[in-house]
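Think of it as A, B, C and D in the order they're written, each chain with its own count starting at 1.
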Amino acid sequence: MGKLSFVSDYMEGAHPEILKRLLETNMEKSAGYGFDDFSESARDKIRKACAAPDADVFFLVGGTQTNAVMIDSILRPYQGVIAATTGHISGHEAGAIEHGGHKVLEIEQHDGKIKASDIKHVIMEYFNDENHDHMVMPGMVYLSQPTEFGTLYSLNELKEISEVCRDNHVPLYLDGARLAYALACPQNDVTLKDIASLCDAFYIGGTKCGAMFGEAVVIPRHDFIPHLFTIIKQHGALLAKGRIAGIQFDTLFTDNLYDNVGKVAIEAADRIREALDKKGYKQAFDSPTNQIFIILSKKQIDDLSSDIEMGFWQNIDKEHAIMRIATSWATTKEDVDRLIELL
Amino acid sequence: MGKLSFVSDYMEGAHPEILKRLLETNMEKSAGYGFDDFSESARDKIRKACAAPDADVFFLVGGTQTNAVMIDSILRPYQGVIAATTGHISGHEAGAIEHGGHKVLEIEQHDGKIKASDIKHVIMEYFNDENHDHMVMPGMVYLSQPTEFGTLYSLNELKEISEVCRDNHVPLYLDGARLAYALACPQNDVTLKDIASLCDAFYIGGTKCGAMFGEAVVIPRHDFIPHLFTIIKQHGALLAKGRIAGIQFDTLFTDNLYDNVGKVAIEAADRIREALDKKGYKQAFDSPTNQIFIILSKKQIDDLSSDIEMGFWQNIDKEHAIMRIATSWATTKEDVDRLIELL
Amino acid sequence: MGKLSFVSDYMEGAHPEILKRLLETNMEKSAGYGFDDFSESARDKIRKACAAPDADVFFLVGGTQTNAVMIDSILRPYQGVIAATTGHISGHEAGAIEHGGHKVLEIEQHDGKIKASDIKHVIMEYFNDENHDHMVMPGMVYLSQPTEFGTLYSLNELKEISEVCRDNHVPLYLDGARLAYALACPQNDVTLKDIASLCDAFYIGGTKCGAMFGEAVVIPRHDFIPHLFTIIKQHGALLAKGRIAGIQFDTLFTDNLYDNVGKVAIEAADRIREALDKKGYKQAFDSPTNQIFIILSKKQIDDLSSDIEMGFWQNIDKEHAIMRIATSWATTKEDVDRLIELL
Amino acid sequence: MGKLSFVSDYMEGAHPEILKRLLETNMEKSAGYGFDDFSESARDKIRKACAAPDADVFFLVGGTQTNAVMIDSILRPYQGVIAATTGHISGHEAGAIEHGGHKVLEIEQHDGKIKASDIKHVIMEYFNDENHDHMVMPGMVYLSQPTEFGTLYSLNELKEISEVCRDNHVPLYLDGARLAYALACPQNDVTLKDIASLCDAFYIGGTKCGAMFGEAVVIPRHDFIPHLFTIIKQHGALLAKGRIAGIQFDTLFTDNLYDNVGKVAIEAADRIREALDKKGYKQAFDSPTNQIFIILSKKQIDDLSSDIEMGFWQNIDKEHAIMRIATSWATTKEDVDRLIELL
């Protein structure tokens, strides 16, 4: 019996339903670049799930790519994007946003989240500064749901942020790389429809939620970003065989598969969290989603590592570090049982 | 019976062997970002096929992306890339190279190819111009094999170009989006090993040669491009589940699949070419690969279009246009029979 | 007595009137960044000279900078600029336009000029191409008056180009680095007012027309380019002491100095052209402005070079080259007399 | 008698010696682009003043431009620049660094300065992070002397920072926009020679230190940045009449003018500081240079503003703000007397 692995939520290939559907459709001929019927069907299902009948929907390959394309296409060259200091675009995308010419205007995070009042403050400070024509204009806001720490914005929080954004004509963009794991949380009160009504653009994550790859960009207001197709091409982000992404999202949005993908992971994570609490482990962030961040001593890490692969998150001090356990659609009951036993 | 379709070489999903292998490996857990064993195995097989044991090998998603990343990573900001006016980067990548800050230094094409003497001329002209410090420095050469017109560089032509490049310390890069279809041509005398020994970087195309997606970048000299991993990430071109690309190339380079993919397409194309000749059709370019460019009158196009989907290439005059027929690994004997009958 | 020099039109400091005015105003205190009264006065005079009362006027430092800022601010990221293959931006600005992310869509030149019909053809070809979403969209047109070869657009030619641009919603931009020398030509029928009514943006050159440095950008329609001040700053093109540019243009547009700067140069050039014709020299381009391009044998070049510094333009063949003689506001009657004697 | 103005150090034209020299040389003909004898003389004097006989010296126009060009030319595309959160490039250059594709890696400031230990920490954290290939690599360090708050690095502090940089192969760059005012401070122990021996590149500010415009970039190690001339051109930062910058710096480095420019300003500032202390005003930062930051109540600001123009710096709370008084080479004894009287 091999080592248990809870390193990340993208260790397997894809949800079996997706592979099955790829096989079934494999020899059908289709148009390229997303003009195929599979992609069209997927777009329709996503529009329906978002209650956004006029939405533009595009399928891109990965998260960093999607963030770079969307931020570059929403901002004007002299604008920047407001994000948490811990936002994925702030520290873990190798400067992809700056590569596109834009500053990430980093603001303080609280459990990975940013506050409507802080966003408002940054915008007001900019416009009230006599010298603001020499500064980077806040041109959009970047959130992720769940955040880097697995935490969730409540519907109220999201509404407040959306209101600040709309009052100030600053588009709101949401990174949903792990959105399935937010939607499936009992604690979550933010639906896809809420997101579509409160954000100007967002993406529904596939790569970490059961697909081989793929992120579905949703822009609720049609043509909010003119010529996005060409911008995607220019960024090297246009799939020749767009159908491969389309089929995956069509499958994820058939028979509630995207919901189920989330549920499996959350149920596993909840069982692990309960066990951790019982055994006295301390968690670094109050994450209700599929990522669990445990504070461990170096000795505990050494002991556990002989049987369990976890993800290293960050050092706290010389004696302690935060380790991450991630569940996914592929986590089995047996692995969770064994993990709990070993803890 | 549906309409025959010869529109492009990326109308189906993937070669069945690839899907089979994706299924077999699907639930194995692996590291992300290309650090998995499947990718490592694929890299080894490619190094072997190229007789380039020290080569760096990276798997990217698509052609435009690969060209943009490679050109941006090889050039210094003040340099440009020499390419044919008809090169893919010159006209059909939505300005991806310029988006990265570089000029495409376009030179005359002959059947889609550029000449060593013309390359030398451009380089000499630059260095002999007193004002060259006010100009864009030629920093690399871009070729594709086969070219946009399906034509092939001979080994002698490639050697001459490589010599000009090396004499002038200008790296040579080859776009192999359809490389399988070059390698399988009886007329071709350029092997993968030749390419690896004559070029500084190139890619072996997957998307148009049997994969769902994916291009394998080969850099024969290790670390010729430092920090390429980070550059790939910064360009949004790094796959989280790198294994999906790795498994595909591992399969393509097992049991000569990449060769076979090419052969099926070329045998089909050769049969079609023979039939076209017999029936008196005129071809626009002397392409021996999987793309056939026929000069047709508008009436011929109308007549044929009721039964056959071809790709529109370009208008010649008010009465004539060039249409493209493309074969691929997926072209069946039956479809070719039917096509020949209909012509 | 030193060697005669006709190498360029920017060999001296500045027109004495400008230095006089800089001296007179030197110790007055003023606001920075162009918010001073000198700049405001200059802007008013330029608006009047252009009959463009609502025009936005900005003072930048040099020609390449101005072209880069204006083209980058007018284009959207996925657009390119149409220009002559011999346009200054095409070959002599070290890739500054591409550095800003845009392709220069080069078209054929005729005596340095481009034709309305060719511009229309490029735009139509783009929009008629089924694949244009994979291509660079023509987003503006770049002209220079006079051109690189010293030739002039007639009013009719400019009107035709402007009409094509407006019909297709493609902004027209004119580079007037040497505009004074066009305006002063007897053959010229294009006034500043014409330019302001036919173009969407243009600049009135200072550096080569009597100023120490400086180019005055004129945008006839107010706020055609929102946030241009910040874009200028972002490009490092904003002068802290904006007054230095303002005072220069205020002086150039007082008591017809800009006209006089041109006249001095054109009268000198006309005398030289007459002498060249008489003596049987052949000119390469039919330039009526301050630049004269003579076809000389290598022997003639050697002989003349002992007494006269000319600018090297380009080789024609092994035995002949084109050399440039440039006059300016600073060219003296004595130097012209001596030159004619030596020819 | 007009209002007193201490708003900034760039309110006048230029030091009279500079204008005098521009007048004297005005009608001499010279080569363009910095290849003139004036510029060559200036370069020699600067090399001597810096005890850097092999230094490359370039004259650019303004501070933001210089920072953008230098940072873009030193960094590789995947690298960022470490700077104080209050650094000029962090907040007041309209995103010019990000426009060039680079992230500003902001670190904590202490009186406007950054610490060697913090720089080391950032570099170590990057290299010790397992995921650093997904992050922006620290590629250089940006300092300014004096800082945004008028404070100074001591020689020891600069040595420590330089040591960290060299140990880690991270180039050190110093922004000397107001360097004259640092060099003239009695409290200062960092000479031009120290800067040249401890930094990899820096600039000696002209615009704010007596010139009409101009910054002298010094790169002590010859060809540390290959092709910088072309990079300058590509950034639109190359002066056609390079002599105008060259003459100014030649004058500033003749007969100790640059030192004297600093002394006049510092003596004035010291007198004002002494008076402020006596009268019980509180200063926000311990600046020994030509900028004085006073904490005032809104009522005090209103009262003083009828007679004195100061620069607004920032609000502290609803009742208090920081105002800036700046002296310069142009500040007169009479104005200082009157200011002290009015305080």
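A few remarks follow.
We take it that a contact is a pair of C-beta atoms (placed from the backbone, for glycine too) under 8 Å apart; a residue touches a chain by one contact, two chains touch by 3 or more.
Source: prediction; values computed, not measured.
Counting C-beta pairs in contact, the pair that comes out ahead of the other among C-D and B-C is C-D.
When every chain is reduced to the mean of its CA atoms, the largest separation from chain C belongs to A.
In this assembly, the C-alpha centroid of chain B lies 42 Å from the C-alpha centroid of chain C.
With centres set at the average Cα position, the gap from chain B to chain D is 50 Å. Averaged C-alpha coordinates give centres for chain C and chain D that are 33 Å from one another. In chain A, 77-78, 93-95, 99, 101, 133-134, 230, 233-234 are the positions where the chain touches two or more neighbouring chains simultaneously. Contacts from chain D toward chain B in the complex involve residues 72, 76-78, 101, 133-134, 137, 227, 229-231, 233-234.
Per the touch definition, chain D reaches chain C in the complex via residues 5, 7-8, 10-14, 16, 19, 22-23, 25-32, 61-69, 93-96, 99, 207-208, 212-213, 230, 233-241, 243-244, 330. Chain C makes touch with chain B in their complex at residues 77-78, 80, 91-95, 98-99, 101-104, 106, 130-131, 133-136, 312.
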